[in-house]
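Scrolling down, you'll hit the structures one after another.
Next come two complexes built around chain A: one with chain B, the other with chain C.
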Partner chain A sequence: MGNSEYILEMRNIRKTFGELVANDNVNLKVRKGTVHSIIGENGAGKSTLMNILTDIHKADSGDILLNGEKVHFKNSLDAARRGIGMIYQEFMLYRDLSVFDNIILGFEKKKWGFIIDRKACRKEIERICSEYSFNIPLDAIVKDLSVAMLQQVEIVKVLYRGADIIIMDEPTSVLTPQGIQGLFRAIRNLVGMGKTIIFISHKLKEVLEISDYITIMNHGRVVAEVLPNEVDEAKLASLMVGRDVILQANKVEPKIGDVLLSVKGLTVKDKDEIVRVKNVDFEIHSGEILGIAGVAGSGQQWIVEALFGLRRPEHGSQIIFDGKDITYVSPREHRLDGIGYVPQDRMGSGVNAKSSLWENSIMGYHIAHGFKNKYLVDTKQANEFTDEIVEQFDVRRQANKDKVAALSGGNIQKMVVGREFLQRNKLLIIEDPTRGIDVGAIEFIWQKIIDLAQEGVAVLLISHELNEVMQLSDTIKVIYNGQLYDGGRHGELTEEEIGLIMLGGNADAK
Partner chain B sequence: MPNNEKRKLFNFFPKKLSADLEKKDKRNILIFKYTTSLILFVVAGALLVWMQDESPIEAVKGIWKGSFGSLTAFGNTLRWAAPSILTGAAAIVAFKAGVNNLGIEGQVAIGGFVAGILGVFFEFPPVVHILFILICATLSGLLWSVIPAILRLFFKVDEFITTMMMNYVANYLTQYLVQQVLAGGLDNWGYVNMASTPTINGSAYLPDFIPDTTATLAVPVAFLISFAIAFLYRYTVEGYELKQVGENLKFAKAGGVKVVQQYLIIFLLSGAIAGLCGGIEVLGTYHKFNNGFAANMGWEGISIARIAELNPVGLIFVGFIWGVLKAGSMQMERMVGVNRLTVQIVEYMFVLFISIDYEGIYMRHKDRKNKKAYLESHKEASNNA
Partner chain C sequence: MLKEILRLAFSVSTFASTFRLACPLLFGSMGGCYNSASGCANLSYEAVMLYSCFFSVLGSYISGSPWVGLLFGMGIGIFISIIFGTMSLVFHSNMIIAAIALNSTAWAVTTLLMVIIFGVRGTVYNERIVSFKPVHFKWMENLGIFNKIFNDNVILVYIAFCLVIIAYIVMYHTPFGLRIRGIGQNEKAAQTAGVDVNKYRWISLILMGAFTGISGTFLTLSGISMFVENMPAGKGFLTMISITIGRFNPLLIFLICLLFGYSQALVLVLGTLSLPTQIIAMIPYVAVIIVLFIDGLKKFKGVADIEV
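== the complex of A and B ==
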């Protein structure tokens, strides 16, 4: 029966993890040749559903139908052979192999059963690239490529594996605005050629732009299925969260105090001696939120690393915090001085996924605040602090001794933000605080940032979301090619004007 | 290798079901794991003995007699348990903190060599002499591990390679010094003995733990060190930081941990324990440094640590069993015609058995059971309707 209306149907999928019902009789019907979005809060069950579809998890019950036929996958590879391809948020590519090797890995065409027929593989990849108009350097080594390019490699990889249904998990979170438009062109192209896309995202604007159908999940159930022309962003958000959400920061008049952090002539080179940050000056007052907007890779990372003592700035740079020169001091002293840091690299610098929630929660806290006994970890105190984070930041977990790897990305982010926000720091360096978390939690974290500033905390906000910077910041700076440009006060410039500076359109008006 | 997970965008650890383990599951898995491995271990051992046309039961009797049969036998068991526990402790300190110290063997050798030399060329009052030698042996093991630590920290050379290579350096260096520089010295019979240092002075002999057996004070020292490590990792801030540094260096650094210092400490601590073990072996058992006496001790330590799942208290039990097998296998060889290497083969097979992914097997089984139960309950519900 290959003539079903739906290429994919998931019927009554149920999956439990211990007490937690991750999917509660979920039904999903996807039409061939469409972009079908699935949205929902963190922990709503989207990932579980997709993991069942790709056979990473086995459902407790329920059926999967491809083209109207019931299928049982033996394993993930089997699912891939049946035409289900997944592109993960964190790319599954081997850094040190070439693009070509990464694409054919596991699906090599063979001569005489055991020799890799590289020529045939290459021909096939080239055919795919020309058919779907991708332009990727097959012989480049993966680690040398940009994120946007890697995403294309991932798409070509799943196409090479013969995917008809391509699942994209948060594909836009790592891309620049231009990259997102490129991805959308590719998606439209793929759909035009008869492929089906399942698109998972938190960014409602993008969902509305690209989708043909939208399924909304909440607490393991499908709560609504809508067409993009029936709804707007606010309506989607309220369906997702189950209440009305204001996608607007509640900005109040800042209480700006004395200069807390002053940076003069900051110059940073990377390990290849390339100058990434050039002669940057700025000041942050207590109670002020200073936002730095910019396209990813413009030098934000190096500014932050230098500010937090993770990277040595060049000679002539000067960073003064609270009257103390901290240009060359270690992160430990930053912690002791009352500087908090929410890193962009969540799974790297943000947490230790192999350790438990409480062990992650007290990192930094154990230095800045310490325990009753200097040498011993006070389990009670550690658990109290963890509980405080869990409660105030709505981290969904079963126990404090759960491994962090068991939490979803959004919950991990909430834990990291909570850890830094609850330590009564004087200065917070925050990178992409809302990356990968849902609208309800974004609203909450924005409010927290504003509240902290009201209490006199200085905030340096670095975000790849221009909207976030514009909504929250009292002072806006724009980074382009390692240099800082003025982006005006809160609300002074429009999104378009700042966008232009981000792309270097205002390079002479420093 | 520990670095991989630090690279953003490239996370390879698969979503594992272990995330959803309940307390009960963990206990069940533990029981399942050790009983299955033990059964496999016994079966494999019986099979190997039987293949040599001997009775497995007689062999076990031999092992029992050699390990528990008399006070002397029990002393032998403890004597062998002590170095097993100590090398295991050196491995646990390092592996728990994510440092792949494969150089325990070399550190033991260096510690033993230093003990052998100091035991011969110095003479102090007994207690002072022993303490002096053990401290020096510990320090020499520590210093021997400084080299790979520095290579790793400042030149990013993987300790996998350096520590392993340092084993060869240690073995051949001590051999060279014994043969060429010290030229043996006279052994008990007055011959030139090229394979070891001269016998140490009586003041450096480690006192017996159980009188008139081979069990020396090494035994309580080994126990104390295991407990100290357990305490370090469980209750101290230092242990917490060491663990974090080992598991995610970048995270620890951003959190304000002095990573260079902590990383060095892990390395040095592991090396120090290994060096101490070498010193104790020389003072307690051999009373001289024999070339290559440390051979395999490092690997055994790593195996034991593996079986004990890096748990310092579990280490004591595993080390004790190791001692039983070692002491018993010699008696077994005398009583029945089974080669003592058989026991070693089975020992290492045990390491293989324990490395099976029992958690995965258990969870798959449980998954299937849950699914069945769910389907059944639904059937009932529909029948009732």
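== the complex of A and C ==
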């Protein structure tokens, strides 16, 4: 082993996809036992750089050095063997397998040459869990677990594979505040034990909190290297985007109209007959932004699914939209009636990653408005619409016929938001609209939401970012344990007061 | 009449033939469950079975040994799988279409070969075609009904039953089985775990071909020693269906194969009564529909519970 002061060095890494230069002579030096953050706009090339490190992509040129020694990986397995572990933006888990099987797959210990030695594997996993204080249910099936738990599973998985350098690509975008604190405790613990963390996030506050070093990328290049105590959020944001960013919504007096959506006694059960939403009532007027804050998993998902016709509410529930009972109608009719939907799970429900950008841009609206001349899809019109989204929402892409899978995470999100925002909808149901989006683009999307409301669109905003709900909403509701509580009007309650309701502080009072 | 039907339905000979009739399904499904678990939509069982029926007869005819017949049957099974794999895994053509192409040419090709090699149509029967001989176990003799059902079968029957256990162990207790299941659920995750996805796809495909080849051999060389045009007559599809409904779990697949075996046995025994043969011949397929229906009912609830 060399005795370099850096555990990892990437030198002059260059990677192109066709015309596009995703990484342009990037240099990165990471010290052992530190948290090194990489931040940058959507499409800046962060994930690409990490994919090169784990050998998912081959660099066009450049070198990787581990402990001062040049290395050439043959494949991802090789990278894993050399101690590089990655936790992906989209989790790499097998839904129907147990946590245990998920962890050992590919790295099974064997007895008699061909049988999996479950005992030995379990001992090793339990050792890791106790050494780094993780508490995960090894025999549970993955699809039954919460996201925060799954993330712990991912971390234990890379540790089990013997990782020394752990890359986390936007690990906090799916976590609750408690989950994030849990993750940070784990990260500090890991670093304390000599592991090295590469941390990618768009949430600058977190980056400042957890990092030892920060590298800033823009358009495929490294533009700055800073220490967290030299900068603040605003400075980081401007370094990233190349201009000053105001992290504040430009809230104006709303123009509230008539009641557009009225929900009465909404009760929803999941497929195991567990009540997820209990007797929820609310109303949204046109021109109003109604925000629902709450800890992830409090029932938000079920409300939205019922509202959009993806799930049947129980008897006695009533959803009236624009004077029409839509309690039991299909998503297709919701679209036709003018209800738009930005789902939380963009890869699962928002897009078809294997289809092209233009196909995804009209998806869901192929029936509702235009895009077809009688029987055939009007590709010209669809392409024009795609261009409109790309232009207005700054989606960084090469061509409309490219597959969505080739876009960076944040750019996919911008495309989905653009698709729903640019239609003449009367009601928009938006879940976590700025998930995985850089600060510059958040500013823009917030402004769009406010503009739409000014034009008379009713907005139901469901976000796990309390700040987002508080900045944008005219009326705030808080969901806790499947029930809705009042969160006051815009600016009426403080962040602490709402935070308390989110944790059940008002449950007794009601 | 009803009494007679019930007596036959629960007679020892019906159960004895249940096991024999389940065997061709068992070989194919125990060898093929990995292929399906890896996420491959392989519908070519019918073709593989038909080719191996013909070639096992040919092998036995040339050599006078059923073992050579078995070798021929497995060999051609593997060969057809390789054709399927070349189309679907190398050239990435649509698997369904590739399988339909194989299935629809199989009948024509085997019939053509039959005319060329044996100079007959319809049925190939020849003294030089030798079947496996039944094996007699002395220790079973005083086990009553058990003896009647299990004793005096060809060796392949016993192998089929051992295969269920082996297949189960391989599926749930070896890295191979775990990785195959992983690939089927999340190919990309398996890749990042360093699993050579393509290699496992090919291995599972070849297993499917080899074992479905045994199924074909069983049809021709377990006693009747002849080849008939379109011999599997749907058994390939039943094999595939039992894998799908059994969700790749060898023990569950085993139960479903037994059910299909039993319904085919009913066709045989009830055929001796004066019932319309068309109705009786429907039994196995009605069984399929009922099983699918019950299987579907379990999943049916609400609109959005489609697992993504």
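FYI, the second predicted complex is superposed on the first by the 500 of 510 C-alpha atoms of A that agree within 3 Å, B and C clash if a C-alpha of one lies under 4 Å from a C-alpha of the other, contacts with A are read in each partner's own complex, and residues count from 1 in each chain.
Keep in mind that, in the parts below, a residue touches a chain if its C-beta (ideal position, glycine included) is under 8 Å from a C-beta of that chain, and two chains touch if they have at least 3 such contacts.
In this text the structure is predicted, and so the values were computed from the model without any measurement.
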Label the relationship between chain B and chain C on chain A in the superposed model as either fit or clash. clash
Which partner does A:Val252 contact after superposing on A: first (chain B), second (chain C), both, neither? neither
Considering only touches as defined above, state whether A:Arg14 meets chain B (first), chain C (second), both or neither. first
May I ask you to decide whether A:Pro343 touches chain B, chain C, both, or neither, giving the answer as first, second, both or neither? first
Chain B versus chain C as contact partner of A:Leu227, first or second or both or neither: neither
Answer with first, second, both or neither: which of chain B and chain C does A:Arg95 touch in the superposed model? both
Check whether chain B or chain C contacts more residues of chain A in the superposed model. B
Which superposed partner A:Ser330 touches (first chain B, second chain C, both, neither): both
Name the contact category of A:Leu310: first (chain B only), second (chain C only), both, or neither. both
Which superposed partner A:Gly364 touches (first chain B, second chain C, both, neither): first
Touch check for A:Asn51: first (chain B), second (chain C), both, or neither? first
Overlapping segment of chain C (options 57-65, 93-101 or 165-173) - the one that collides with chain B in the superposed model: 93-101
Which chain A residues contact chain B in one complex and chain C in the other? 56, 92-93, 95, 310, 330, 345, 348-349
For the complex, give me every residue of chain A touching chain B. 14, 16-18, 20, 51, 56-61, 90-93, 95, 147, 150, 174, 308, 310, 330-336, 341, 343, 345-355, 359, 362-364, 366-368, 371, 374-377, 402-403, 405-406
Chain C to chain A touching residues, read off their complex: 169, 173-176, 178-179, 181-182, 185-186, 188-195, 301-305, 307-308
Within the complex, chain C is touched by chain A residues 54, 56, 75-77, 80, 86, 88, 92-97, 101, 104-108, 110, 114-116, 143, 271, 305, 309-312, 330, 345, 348-349
Residue ranges of chain B touching chain A (in the complex, touch as defined): 5-20, 22, 235-241, 243-244, 247-248, 250-258, 367, 370-371, 374-375, 378
